[in-house]
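Take a look at the structure below.
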């Protein structure tokens, strides 16, 4: 018992350390690959680390129209993303945080981060921040609906909605490849792209304030506030990758109590991350950013796919099978 | 005694016929005359019933009817007509032919309603009751179809005649009712007189259109 | 009149108590009507027989009507109309034998009072009208009393006749309320109206939970029944804390600034920091954010809905799938509404001089709000404990209830967050540059506002209307009636009003009849009755 | 005792009509009403016997009549102070005489055991009320009185016909003579009567007394008589006179029901009463909306409540009849309170003459006098039947009985009550709390406003804490007349 607990603690610590450490790297890889795909040379993959350090050393500026809560929002945003990232299993299942890793809790934490970012955008009371906030609010409405209905699909298949439980169930039970899971994957990918602020809903490397969503809300932030917000964005990307990996590519995940399976699990996790980090920029360069009011339609399709996934499940009468 | 019922029937029938002709008549003077004849027949019916039932009360009723309804009231009504210069045709709210058809229908209704009652051991027969009810309904019909106040009062009086006709047929009915009828007519006339004067003061005519005008303005 | 207290009554009385205290502190202490209102609610909750229940319920309606009337005469008529409608449904319902008709009448009657769609249209109009202390009690307490009536009858009195579709009725009505309430909360720019719309949403959530539980109870599924009841009751408890808080806060904003229209507020946190923080806590509850009081009920409710989607026929399952979409959409809409309330009203720059000069709330209302906020803490951080306390009520309502343990542990999450915060704080403190400098906002390069506009041009700020407009465009068009009206108003209230008007016209025509025509009415009725009599006896 | 209570006012009318100044008349009026009230209470101890005796129903409603008569007469003294210059001396005399005649004949109607005497009483009351309504002598008052006279006269005629038919129907069981006109005897021998004839008689009586009770479509006279007659008189019209007519209908209904229940050929009375009751309820509901004159408005409210009572009688069964009687009792108290306080309200605004009772004229009463405004508000509220109004109890009983006995009728009943309550409450706000029309100075309430409060308090007490004796009386009556 004690040994098992100790191993789980160790795995958890390792998971946390790796997640927190790798997040900028993943972002760097994606950015670099994207530049390559566009035919540019691109920054080195460790550029995000340099940026973060630079921000750490810069003075923090506070606009005179901001209220006292100005610096609270980045903290709230980063903390909630960090907690969520600790809950999502990475290389292995059965972490100490596994009982907490309810999908709905994770959704809630992401929503909390989103709310904090939006409030940060509204904080100084200027147009761009507000525009970013309402866009975020609009996207969030559809994204949550789609995500919740996808969750139904998982819940019915795996008889539980903790991410850890889903991963274990999909890994060990023979679920097979069903139409429902395909639909669910498509829906979840759309939500993930929206949540992480990638093309087609938002352009992370855009520089036109009028078209920005996530970046527009950060306009007034600088120094350590910006560091927290940017780091939160990196963590969020990694979190979503881990989440999709754990649910749709659960094979080869290690078990926390079995130390011998760790290296394989770690390797596979890194491979999965790498694969996704390759696919994402390729997808991004091959498609264009949408107009704001096209996004609800895009997410509406995701919602519909999620519903279809559920309905196909019912029709196929696979519940309990 | 075999003559009792046929004669009572006959008089009831005559009263009904006059009630019906009241409905068809447009001129005020003629309506008063018809009413007067109706009242005469009614008093005769009352006397006959009094003789048949050996009831002093009914003689008294007949006397009241004769004096007040058949003699005094028509005189008073004619006075009003003369004073207000109203010797003209009364406006009706419904074509006379139609109102007569409806009147026939009313008699049908009265008969239909009275039909199921058993009437055991009563000197008043089913037919008498149907006649009385018809007279009452026809009187109301006159009130509904005439636009002139005096004509309406005549309709009302005809209704009262129907009531008295029913009352005199009731066996041993205590006098209370008849006394009340007489009282009603008397008081009614008093009140009506008051009203007629007042309405004269305010509207210059006995026609109800003046009142209808007030009513239309709404509140 | 007989009174009797069981666990359910005690629970709802417990929900009521802090609100009453806070409402009294918010300036209603000397109002007799307010105390009559409270008395009515107490009677309804503690009633042991139908007469006392209806009497208390009506007393509550009547007193609150007076209070609404003193605030604003316009919605009072609508309010009292709905109140009497609910009485007209409840009074027969309590006498009918247990069966579907009684249940439907109860849902109609108490649902109208609770603001369940489609009879919710009065609520966003009437709840903001009276003084804040009353609004708070109406939104937090009165709708709970109505829900109590539904619970009392659906789960206890009519229980022997219950069928699964009864739950379906509640779920459908609740889902509609959730969606329309959340959407309107997102779109309304008047603070108190917005809060009232959010009340509609939360009533809907409670109804959905009750519906799932009722259906599960009739189907004999103890786990799901337990989940549904836990969600509904916990939501009732939480909503009874943060909604009054928000309403009292809105009243203080009104007192301090003179308006509660979000488009005329802004930057209030500067002038009223204590109120701002308390409102922030309330908004976290309203938006159902984790670590806030509102998340745990929503969490359980979603679990219950997912569990319910796995039972019953295909139609029911698809229905529950759609319900999940609705719940997700509405949760995000509620989040947007809360963010908009805080972001537009309390953050940013003041839009008027009054907002710039706002002073912090008065002492007693603040103490009342703080009391409610303090009570929110256990609900937010220890929902398991609260659920444990709710167990007797749940067992009373559904003896077979057996909910799985709660997998949401806010305290652990808070500990995790604390650990991260300590680590991050250490890094930032050790390696980062400390301190901060106040500068003019960058604002995309637009620079400093001119000196004659100390807070910049208010027109350059995002407004509440503008913030909501895209959502009105993307969702509102599909769900709202043309012109942005509430569908219940456009398709229920307006046609009824028109019908009433037509009947009034007929009555007026009858009233204008002349004497002769009136005689004709009598005569016609007499002949009709005689004919009926003749035909009746002939046949 | 009872005879004294009836004939004292009737006989006193003559001297009142011939001599005395108006203020003396008002004083005598009040004293006489006080004596009559005491006598109606004494009647509980000595109900008498024979042609005119007080049965339990008569006792209860006689007491209420005496009470409202007394308070009206007292309020009349205060009314006179303000209204005296408007009418000539002769008219004041006639007015006071007519007040006494209405009181006396109302009591006669309640106490009469003989159907002919009942009819005569109602007729006398009608004529007296007609004269009194015409008293202001304005065109609209004359018109209202004329309307009252014509419609009332027709009703009286029909009632007489019905009365005679009842007598005729009783022949098989009771034979000719006085006994066939006594309620006591009739009720005892109802099963032996001719059912078909009795049904016909009941329809005619329903139309006859229904006109007095202002059931739709026989209501045509009421709103105008309310609005145009002298203000205190409306109080007598609203309560006691309606009660006499409704009680008469109830008594005849019992004969029909008893005959029907024992297998006679009579038709059940329920449908007739339910139809008229619902028609009253709905017409009143839809007529409220556009009323601008408060007294006409509350006239329609009387139609509504009369309809509710008729509906309750139509539902039948001891409990429903108990509910209906309780409703009449409470409505009498509340409505007379309301109309009296309305006079005070109009007086606060300058004049109590007819035509000065417009809502726009009275609105914002709280700015003139808080006490009067609150009492008026309480009375209006009480009229809607929401708790804590006493009418809540009676309506509750009626609805619950309706559901048990004729469920289909409960839906329209509920709807009608709903539609009636809303307009009353809609006028409540502006009338009590609205903005006053001109710059109104606050003024003092007159002492008789306390009488109104007493009325209202009494109605609540009677509804929720009724003395057991009264409960016993009423439920006994309801049991006997079910």
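The first chain written gets the first letter, and so on, giving A, B, C and D; residue counts start at 1 in each chain.
Here is the rule we go by: contacts are C-beta pairs under 8 Å (C-beta built on N, C-alpha and C of every residue); 3 or more make two chains touch, one makes a residue touch a chain.
The structure presented is a predicted model; accordingly, all values stated were derived computationally and were not measured.
Q: Can you name the chain whose C-alpha mean lies closest to the mean of all the C-alpha atoms?
A: C
Q: Could you pull out the chain whose C-alpha mean position is farthest off from that of chain A?
A: B
Q: Does A-C or B-C have more contacting C-beta pairs?
A: Result: the pair with more contacts is A-C.
Q: With chain centres taken as the means of their Cα atoms, state the distance from chain A to chain D in Å.
A: Comparing mean C-alpha positions, chain D is 77 Å from chain A.
Q: Round to the nearest whole Å and give the separation of the Cα centres of chain B and chain D.
A: 31
Q: Please report how many Å separate the Cα centroid of chain B from that of chain C, as a whole number.
A: For chain B versus chain C, the centre distance works out to 68 Å.
Q: Give me the residues of chain A that touch two or more other chains.
A: Correct list: empty.
Q: Return the residues of chain C touching two or more other chains; collapse runs of consecutive numbers into ranges.
A: 508, 511, 513, 515, 519, 522, 526, 530, 533, 537
Q: For chain B, what residues touch not just one other chain but two or more?
A: Residues 113, 116, 140, 143, 152, 211, 215 of chain B touch two or more partner chains.
Q: Go ahead and list every pair of chains that touch.
A: Every pair of chains meeting the touch criterion: A-C, B-C, B-D, C-D.
Q: Across the complex, what residues on chain C touch chain A?
A: The touching residues are 266-267, 269-270, 273, 276, 280, 287-291, 295, 299, 302-303, 306-307, 309-310, 314, 317-318, 320-322, 324-329, 331-333, 335-336, 338-340, 342-344, 346-349, 407-409, 412-413, 416-417, 420-421, 424, 428, 431-433, 435-444, 446, 455-456, 460-462, 466-471, 473-475.
Q: Which residues of chain D touch chain B in the complex?
A: 114, 116-117, 119-120, 123, 127, 130-131, 134, 137, 139-140, 142-143, 145-147, 149-150, 153-154, 156-158, 160-161, 163-165, 167-169, 171-172, 175-178, 181, 194, 196-197, 200, 227, 265, 291-293, 296
Q: In their shared complex, at which residues does chain B touch chain C?
A: 93, 106, 109-110, 112-113, 115-116, 137, 140-141, 143-144, 146-147, 152, 208, 211-212, 215-216, 218
Q: Help me check something: in the complex, which residues belonging to chain D touch chain C?
A: Of all residues in chain D, those touching chain C are 146-147, 150-151, 154-155, 158, 196, 199-200, 203, 206-207, 211, 217-218, 220-221, 223, 265, 267, 272, 282-283, 286-287, 289-290, 381, 384, 386-388, 392, 396, 399-400, 403-404, 410, 414-415, 417-419, 421-422, 425-426, 428-430, 433-434.
Q: Which of the residues in chain C end up touching chain B in this complex?
A: 508, 511-516, 519-520, 522-523, 526-527, 530-531, 533-535, 537-538
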